[in-house]
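Lettered A, B, C, D and E in written order, each chain numbered from 1.
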Amino acid sequence: MRSSLGRYALWIGLAILFAALPHIFTSGTSLTKMSLMGIMIIFALSYNMLLGQTGMLSFGHAVYYGLAGFMVVHFINRASGGAWPVWLPFVPLIGGLTGLTFGIIFGWVSTTRAGTAFAMISLGLGELVAACSLILRGFFGGEEGITTNRTRLLRLFGYNFGPQVQVYYLIAAWCLICIAAMYAITRTPLGRMSNAVRENPERAQFVGYSTQMVRFLSFCLSGFFAGIAGALAAINFEIMNFLSVSAVQSGTVLLMTYIGGVGHFFGPILGAVLITWLQSSLSDLTGAWMLYFGLLFIFVIMFSPGGIAGWIMLHEPLARAGLLMRLLPAYLLIAVPVLIALAGIVGLIEFGHHYLVKGATDGTVVRVLGVALDTAGPWPWLISVGLLAAGLILGRRLWPVVTDAWNGASAELKRRISA
Amino acid sequence: MGEPMLQVRDLHAYYGKSHILQGVTFDVGEGEIVSLLGRNGVGRSTTIKAIMGDVPPSGSIRFKGREIVGLKPHQVARLGLGYVPENRDIFPGLTVRQNLLLGQKSTRHKGRWSVEDLFEVFPRLKERADTPGGVLSGGEQQMLTICRTLMGDPDLIMIDEPTEGLSPMMVELVGKLLAEIAERGVSILLVEQKLTIALRISHRLYVMGHGHIVFEGTPAALNADAAVRKEWLEV
Amino acid sequence: MLELVIFSSLNGVLYGMLLFMLASGLTLIFSMMGVLNFAHASFYMLGAYFGFEISRRIGFWPGFVVAPLLVGAVGALVERYGLRQVHRHGHVAELLFTFGLAFVIEELVQMFWGKLPVDYRVPASLDFTAFTLFQTTYPAYRMFMLLVAVGMFVFLLAILTRTRVGLIIQAALTHPNTVAMLGHDVPRIFMMVFGVGSALAGLAGVIAGPALVTQPSMAALLGPILFVVVVVGGLGSLPGAFVASLLIGLIQTFAVAINLSLSDIFGSGGAAIFGDLWQATVAQLAPVIPYLLLVLILIFRPTGLMGTRET
Amino acid sequence: MSAVALSLKDIHKSFGNTPIIRGVSLDVPVGERHAIIGPNGAGKSTLFHLISGRFPVSAGRILLRGEDITGLPPYQINRRGLSRSFQVTNIFPRLSVFENLRCGVLWSLGYRYSFWRFVEGLRDARERTEEVMEQIGMTARRAIPAGVLTYAEQRALEIGITIAGGANVIMLDEPTAGMSRSETENAVELIRKVSQGRTLIMVEHDMSVVFGLADTISVLVYGQIIATGAPAAIRQNREVREAYLGQAEEH
Amino acid sequence: MHRFWKRSILGMAAAGIMAWGAAAQDTIKIAYIDPLSGGGASIGEHGLKHFNYIADMVNAKGGVLGRKLEILPYDNKTNPQESLLQAQKAIDAGARILTQGNGSSVAAALSDFVAKHNERNPGKEVIYLNYAAVDPVLTNDKCNFWHFRWDANSDIKMEALTNFMKDRPAIKKIYLINQDYSFGQAVRSQAVTMLKAKRPDIQIVGDELHPLLRITDFAPYVAKIKASGADSVITGNWGQDMALLLKAAADAGLQVDWYTYYAGGAGGPTAIKQTGLSHRVFAIVEGHANVPHEAAQKTEAEFRARTGLGVWYPRVFNQMAMLVAAIEKAKSADPVKIGKALEGMEHATFTGGKGFMRADDHQFFQDMYIASFGPLEGGAKFDEEKTGWGWKTVGKIDTANTILPTTCKMQRPS
């Protein structure tokens, strides 16, 4: 049995981290980004309750996030100026309940089916709501969406939640609560039976559980947390519009969760942080950021279906045994060709992007590290392809070093365990 | 040529974690009818699937002097090994004739059998040439499956439980077909649970039990060996 | 009114046939691999862009022939080096792979051809009026599209039912293992079907490109509707896909022509409860109808109209 | 006569036009170990699926200790005290041995769908799981994901899950299929142990297992039961011999 | 220089170099927040070229108050929430002037964001210059002091358009087809009201709203238009909805006049050329390439030579010129002072007319043109999208005839 201190250390550490972050990254941008990350962490974790925990692939999860966000915007607008005695920090609950309500309604409809049929129903429901969001202007506010002002509610301890940093702490607190709650749920009978339903729905039936009921309850809970995320988004941005319920938003949370890794609880957290960061930062660097994004996704599916978390956790037993250092030389070695190949790919995409997208108006010449390269000529292409090829060939050559190191370390691990 | 047509040596195969075949060795000679007997779950079907390349085995399988371990099923089939699966797997939406034509590996290759030949052996099939395979009776389906494989002109045909679930009359018909097959110079490896046909038409028999060959000999020898029958075959 | 009905029918059938050109490939691929290919509409878009690129260099007709072949080749490569590798990770991974692929193709298309619609023209040889009815002209190119779509349907049917390759494909759809045992190279057949399915989508793109608009969102516009078609028709059922394509084509077209709203029928009383929904006309709701149909079908008749297996 | 645990009343089942089960009636008394044997394709597994609610019957009634369970979904039948294993190993591959067994325990202890208490905190569930784990001899393997166990271990786990919920009626579908000799012997021991005080219905091909375990044997051929009786009687039954070995064989 | 490399290097450098930051104090930073990737990228990039061109022009003349203008591009992916994040980034980077144009949803979000930001961060105000978002609400119910708009809002455009149409007796039956969202609905309702007031004899034979950017084939709609017997169509459609609509109309041989807002938008000219609707498509604009104003023609030529594209946004020139004037007048780049200087400012427009920024609602009023698209004729020099066709003025509405009342009630900083 773990000591109770050990059990809580992680959570206390996380709380301290959340509290300390605004003092490390102080700019308004960082605060905004971190707030968004907090929201996305909740959203991605709620999505993983479906995909990772219960094995339900949904293409319409944004419905619960978005609808809750809209509901909260309306709620704040109604309650503004002290009309209703509510404090902002409790408003996310309204979102959660909205998500739950729609989770119950749509979940009742869609969890009667599993697998591809479920995925298709979720797609259909998502498209339905998205299409309605442009028709029902009263609720969704048309293309502009609906704005609100979070400072108009009653003050709590003198905070009006105008400054971003206050909102950050509000989000951080909710994020912590939701992470803990969702983690806790994985450790309850329902959480475990969700896993069982994911693994083997038939068997789950034969130990007394209605798979439909398990899926339905997971779906509702997932809707609840997605609703909280949506509410926090509404509070953070003070605006909701039709994009929040759209397929794009549903797709984004799917990508986040999958890239982060569906097999481990912390995977979606990684994914949410990474993808949020990439979305707002990569676009500063390159107009082709979406392409990188898509390629990363395909790469993960093909070579690391467990996502980043899966890859990390592959090393966990080794790390525990203190054998990780044995892999380091091999990893450093393979990093060289990987980086070379990556440079080649980036070159191809960036030169391509420049030549095709900007060449006509901005000229075809690119300066890289002070060297002018004309993308209309062969050189940039030859260099990129050369780098890519060199990286691939070298990587192939060096790959056995990695497998040897891996096998060596695993063998050592086995030896130690059996010893 | 000294080597038998099919030569299986020390064959091992796993199904998941389960060690199904634990060193199976046997031969089928040219023109020979050999039966592989045994109860359910002893690995008879796995043996055939391993030969066909459907289950990855270790060990050696030589067919017509060529090592075939590692080949894909369609490559094995093209070498002249025919397989009639136990569950029949006829294509229910296609007509009888279409099912037969599918057995041909290519339209150019003319083998020992033509559709007309087979219709002659099985007039029932001819009558039903244009009905969908799915509506045939069990016995008719069995005949169709064997015929379909024959259309591929195999040199050796492996048949998994051809008499399973068939009426005595049908069993007789199948027996007749097997004899006809052998007559045209095709070797047969018959996989059976029941002794009925096997004892009657086989040149040699193998009995399998739990991943091994536990008996090898003529039908007469098996008939004489009550211990083997009781231990490995009977109720 | 009659005029509206006639032209709506013509347009509906045309749209339906266009859907079918895509749905047929999607259905075949689904039957084979059990995976709904999210990137299928992307192949349609690639077809249009390839067609455009070839037509502006050489001419429409070479593009008409070459572009689908190119798309088919791309599809085959995707199957061989993408999907087949992902297969071992399970269906979800396969589905997501095609999802990611659709994303990447859209980005690449935007990179190569830009976001704006490209100037993909109807060839001069088909740029005339086929007939005039009630003073409304019907362009020859649309007739041509209809012809190609019908031709393709007949061709596909013939291939599947009349040829040996078709037999093998039909058999491989249900019993891939058995077909392999009979000496047919099933993985190659799969690759081929994927390629042909993609090529059909490409062909649809080549002919739809000039009539509709060739632009990077054309895949995203059609993609979800395609799923509706194959699911409503019944997963894996080619006749089902055909019926559903026409059905949805006609529904979409006729819905546009109806200006009624709930408040027109039941009076404005319901507006208080249902808000804008009450006021929306059927024409406005037209894009919602297919998804409503999809959800209802999946709930009440999960096999689809003509399918045999549940999703 | 002792009470009847499971009673089948003229069960029929067809797939499309093909009848698979053609009128099976059977009474299994409480506490009996009952084996169903028969050649391939006789419909044994189908019969199991019908009883456990995996497939709906085409006609007939199924009574579990007098209660009609015909047409109920599997989980309802399970909750009424009937539990089954599968011919193809059917476990939760990515969950640990302990988790697998605990999944089998939870419902019977009344924890149902609760998401407000930690599963680790459920003392009775833990104890019951430990007990079952001990019984199937897998305590040492508790933390290992079920997917990486050996085949025989997986089969044992399968039995463990089946009995974990404490059902009175246990149905095992070919529990020893694919096992080696020694593994089979262990499995027979295990089955004997866990079926103590319960009603056991099993399908099995290995005759040594059947004759070693069963009190009563029913022979299913062509979707019909052609004989039911004590092992010795079945062995002598001429019809049974024919069904298994074919009628041509005489000596 | 290519942005990727530039940003990578800057990013690396920025970490440690405060001196660079100090030097940057001297520029007046204008954050350009529009789509630079994905769907709207090409439009966003083109807008950016206007700003860069003008900034270079201003800087070449020594800048403003001795300070150079610097345009900082931010990619908002046409997403309102993303825009707010990017706005925050821009503010962190020292930009106090934001500008944006693509999408009323983004504009509404930004306007709201700016108002709240200024309220919550007194002394750090930012100002928002809107060059293209036309939702009337921004200068009516949702107006605020920090938002200034140089494009005529959709009501004003309709006012101008109907003022033009009322003198065309040939117009008898009008069909309205618009996208089903706020802008399309605004176009539709204003058209109905204004036409009724100005030309009660005109019959509105159809009033269609279709889903936004979701139609692949407009043939069914065209069939309806045809069946209605309309002689003119008014549409606010843009993008693919415009192109597809025209295409379907040409296919069906529909012979009507098209009164549009955005026929000149990206892809529009290409589509019109394809359909062969020579001088049947009219657009309401504040200027076009072939307005015979010498300075404008010269700029147009220079701009085309430099970017390969035409001037889409004469209003960006107006906006920037007035910004410069306001900074000079206020002798400060402080947003509050700029805002006050801009209020009520009168200024010559790009095409030589007179315009003014109404203090009541921060809406700029200017001469409007009705232009038709067809083969170049009569000494017109510039075609569009390399089609060989160009715009021709067929009507001009003076500033005075574009003025509409506003409901704006604005709070001004003291």
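The definition used in the following text is that a contact is a pair of C-beta atoms (placed from the backbone, for glycine too) under 8 Å apart; a residue touches a chain by one contact, two chains touch by 3 or more.
Model, not experiment: these values are computed from the prediction.
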Mind listing the chains that sit against subunit B and also against subunit D? none
Looking at C-alpha means, what's the farthest chain from subunit E? B
Compare the CA centroid of subunit C with every other chain's and tell me the farthest one. D
With chain centres defined as C-alpha means, what is the inter-centre distance between subunit A and subunit D in Å? 44
Separation of mean Cα positions, subunit E and subunit C [Å, integer]: 36
Dist(centroid_CA(subunit D), centroid_CA(subunit E)) in Å evaluates to 74
For the pair subunit C and subunit D, the C-alpha centroid-to-centroid distance in angstrom is 48
Residues within subunit A bordering two or more other chains: 131, 135, 137, 288, 290, 353, 357
Would you pick out the residues of subunit C that each touch at least 2 other chains? 114, 284, 287
Listed by label, touching pairs are A-C, A-D, A-E, B-C, B-D, C-E
Write out the stretch or stretches of subunit A touching subunit C in their complex. 51, 55, 57, 109, 112-113, 115-117, 119-121, 123-125, 127-128, 131-132, 135-139, 247, 251, 254, 258, 288, 290-291, 293-295, 297-298, 301-302, 305, 352-353, 356-357
Subunit E - residues contacting subunit C, complex: 38-43, 180, 208-211, 213-214, 216-217, 219-221, 223-224, 226-227, 240, 243-244, 247, 251-254, 266-267, 270-271, 274
Subunit A residues touching subunit D in their complex are 184-185, 187-193, 195-196, 199-200, 202-211, 213-214, 217, 221
Touch list for subunit C against partner subunit A, complex: 34, 36, 82, 85-86, 89, 91-93, 95-97, 99-101, 103-104, 107-108, 111-112, 114, 224, 227-228, 231, 235, 275-277, 280, 284-285, 287-288, 291-292, 294-295, 298-299, 302, 310-311
Interface residues, subunit C side, partner subunit E - complex: 1, 3-4, 7-8, 11-12, 14-15, 110, 114-117, 119, 121, 129, 132, 135-139, 141-142, 211-213, 215-218, 221-222, 253-254, 256-257, 281, 283-284, 286-287
